[in-house]
């Protein structure tokens, strides 16, 4: 018996990534779909089919939509009947998320890929394998808000790979500071980025991204206190750029540690990280949270973004940093549309179900 | 009466960039050409024409070779007759440079774009408008080596934009440290970079580049002491990557200053920099050494690399840095094949001639 | 004394290309600007400045907007006061063009880059240097419609390079058929083409493009009859694709001729074409309508699209075709945003003024 | 018991594609490896490891080399001991192929991806599922040459997709003529194509490619006569260009048929093609030789090249052609490095083994 789930935002890119990660899933089945009023009342196939051209607006290049899902009715997200769904995946824009997610969380656990609730003090901002203990916040959230369910959020895709690697270092050496320069893939900007802007080019600015990376990373790395998160007092300097790469965020990171670490010790910290979590064997979990490359020509976004279905963070070029005290630097590649999006949300749901936090 | 000059390495990319910058030049005329033994004895047109296909190997996309130059004989670089040339432009590979440049420097000033002599204590490593006072070294060089001419070198193209902007900040605020991440254009790798490696990708490593950036920048920013350069004791952390951009190096720079500076003061330091030099009105000098963009979406390599024929360094996104003490950060775009290569070499020659150091 | 002109659609890409081609023009000055109601009442600088970010929406990468033009008031296109403008450049979307162009043409010659009137029997569809005799239609148009001015249209940018080269062949050898496959640049799709769709890819279909190429080409190549155009009965097979190239349309063309032609005769037909027109020395005219490359590696869009400021059509690889009777084939590169758009419109205006058809 | 095979050219791209297709193969195991004298005597891992950097020269991005194969000794291709290998895959350059392939074919069936023997009258040039009956030539080949084995060749990767689709049409409607324009992927040029040439560009010429497409296609489509192939008297006009696409050849094809065909009939001819072959269920065979897309936006090389592991030919935009008699046109995408290379060679071997032509 699979656990029924609902997917809100099913006609958009983020929602379709969730649907693709749920296709053939051993634990979940899609019981309800929702989108904006415009799509409501039609089945999913009709809802994503352009009426004039007959073409489907399905954005996950590596997969086709599931046949059963194509026949499901798309409901109006504002009046979603849950059909016994035990978890809601809310993959909608910020404004919609602010309004819709409390409607669902009143009843069932709601996993959000959107921004509005990420920094609320009683809402966990989690990366599977990194800070699942923050889910302890949901009791406080339920108490304060009088909800039976809760909202659990996933971070900005650029913060994801950074926070995973920083957590590995913080656990073993302690963190003082981080300087990060990102070269982000096009898919992170969705379908709004005109080809004219990015072909054979670099765009030096992504509005609001640097602030999000800073504040979200500090919350993720924080400690669960008494019904709240004590953010890690980490100084972060971020420069976020867009590169002419389809998917995968590349990040050049320099960190200042509390205690000195050699390259070998840093490598071991990365390779050892997250073993307890990966040992759970959840369906969408990677074998290794972090994959370390010895070849200095790696990681490359085109070659490494899809490693372990985009769920591992690939790290390379570990070496001492000349400027930061106890400095170490490295590059990472993280798949923005996998661990940092729909598949990461499904992995979180797998954990919730396994440990009785949902279902 | 124009001053005759010689160009060595005329069949290669770097030499052809020098030739393009000399085309129609008001002060110089090309009096002699040289290349490897293989090309010697033919005129330039024959030397760059593929015998089987009849196609020319001319690599400067924006220009055609000069008609008079096409008729010049290509000499063997090892036995170059100078034909009264008063300056030699040596644009050859490292191994050839080590052997050939002393042959010419024995007689005349030799401007080198190659690496071997850059870090020699008696050889100036100069960027026009930045550290031309280092040319004071040439007396010592002539004395030590018994040469009538001398070697003056230009830096690695990645160090060029970095050193220009750092110099502006050092003059006004003093420098403690710099963390730089580069996203370098393909043309910096020449014709050896396979398309298969870089299309829709980022390469995280450029062999030896990070070390060169560090040591060359410290020399350029150093002070001319008694017959030598006292390198600036600046801590530099560099990560050099290759991006899918045809030309132009983009660099994300964070600097720690000796004295605090606001964004406005930093902007003024950049905009005021090099005025005395640009006021000389040398033919290939830019109007401004540094062009500051207020639009956070700039500089972009495709839009800004060709500003002022590639001779200005474009800077944007000036803002405080959260990690480095008295930290400021910014991005820059520098044309690797203009100020950082052939056209920069010709600009240096213009200065040498104007101030009696050659001719 | 320059002739005053008006530019409608000044806030869009096409209108801005017209403005860029008019900047510093020896014959014209911009006397009036218009756009949609939304922009009306503000000066051009305000109209193109994003109020939240302060950034300008100016889309012509190679030029900055003219300072005098920045201060001009933008009028509502529906109630444009002409301010003595003697020519209107209408560079607007199809729906707007259908409504607006007759308003202006009632009073003054109106040059349109839009589609709605192209195929009207009394409206000339012209390419400067190809079929300017079609302007003879305007008398009929004025008579029928009771206008003092008239509408003259420019073709689809993909038809432009094709029609130029076919006309050269038709004049000398006669045409029976043409099979064309295009690889079109991104800028032809404007800012609507998502980077996700085209990076490292080819899109095999451009809606409606193939039909336009066919019908417009036959009209352009037609003969001016008695108040109408007798379309050339040319069979055209077109396949239009989008390539990962920023600008420039590349077209592989095979033609069946009425009379056999050798490669040399074809080359001569191309090189001789349009001499009378180019001899007029109009400011935006190319030196040669068609530039023939002997190097089989040319033309390439990146290297050749900007030849003669994008106003020449570059042709190469002329050779016999194995399938079509009296067949010849070749490739061409044509700059879709120059001769095929704003600069072509200005060149047409130059001709109208010189020959008393406007002003 | 798997059948032992040998792979010659194991250190090159083509040979490594064969090795990747053989990895985990149910019928074959790699018993011998060979390469040039330079690599001989070392094991495969040493042979592909750069001694200075320690990096592996392994070019198949989607796979890692098999561990057992890494330990195999690389022999000198000129003195290959077959170690009981029953089939040799010869994946070497033309010059080497001319010399080496007869050495192996003297003893065992030799499958060649190289050019030299393709057009020999007694050598079959085959595409699995298209003209396997041409293997009937090998008896004649053995008789004439006195060999126990034989050479069977695979065509140029650009001819592959063309010939597959033309064969489907020839079987049902008969063929008169074909006009093809290709937009070929970068990987077809191997690692020799400089990024500087192709980024944001189209190269209009691929030396010798058009002739190969013509002659090889006519041979593949020919009929097996009495110990020779009667080439199909098909007029083919080919224009071969290189596009900025990593892999996958896109081809726009117009064909003139002997008998008229509607779009639906053409679609059926494509979809029905090769059923007997695919029904054999050979491990590397596709489910369908040709996959027809109804969505006019498909096929696209990035989205469709990997369909069925690159072994199906994706076709779309089937429509009447306006120029050719009984004309039909379409676009296709074929993976140049799969059916057109290593994996196609392994599929051929599977057929040879199944039908007793090898083993």
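All chains are identified by letter, namely A, B, C and D, in their written order; residue positions are counted from 1 within each chain.
Everything that follows uses one rule, which is that a contact is a pair of C-beta atoms (placed from the backbone, for glycine too) under 8 Å apart; a residue touches a chain by one contact, two chains touch by 3 or more.
Quick caveat, the model's predicted, so the values are computed rather than measured.
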Label of the chain whose CA centroid is most distant from the centroid of chain A: C
Higher-contact pair (C-beta pairs counted), B-C versus A-C: A-C
Centre-of-Cα separation between chain D and chain C, whole angstrom: 43
Distance between chain centroids, defined by C-alpha means - chain B, chain C (Å): 41
Where chain A and chain C are represented by their mean Cα positions, the distance between them in whole Å: 47
Of all residues in chain C, the ones touching two or more other chains: 199-200, 244, 246, 297, 302-303
Complex contacts: residues of chain D adjacent to chain A: 53-56, 61, 199-200, 295-297, 302-303
Residues of chain A that touch chain C when the two form their complex: 186-187, 189-200, 244, 246
Parts of chain C lying in touch with chain D, wherever the complex brings them together: 177-179, 181, 183, 200-205, 214, 235-237, 239, 241, 243-246, 250, 252, 254, 256, 296-303, 316-317, 321-324, 327, 329, 331
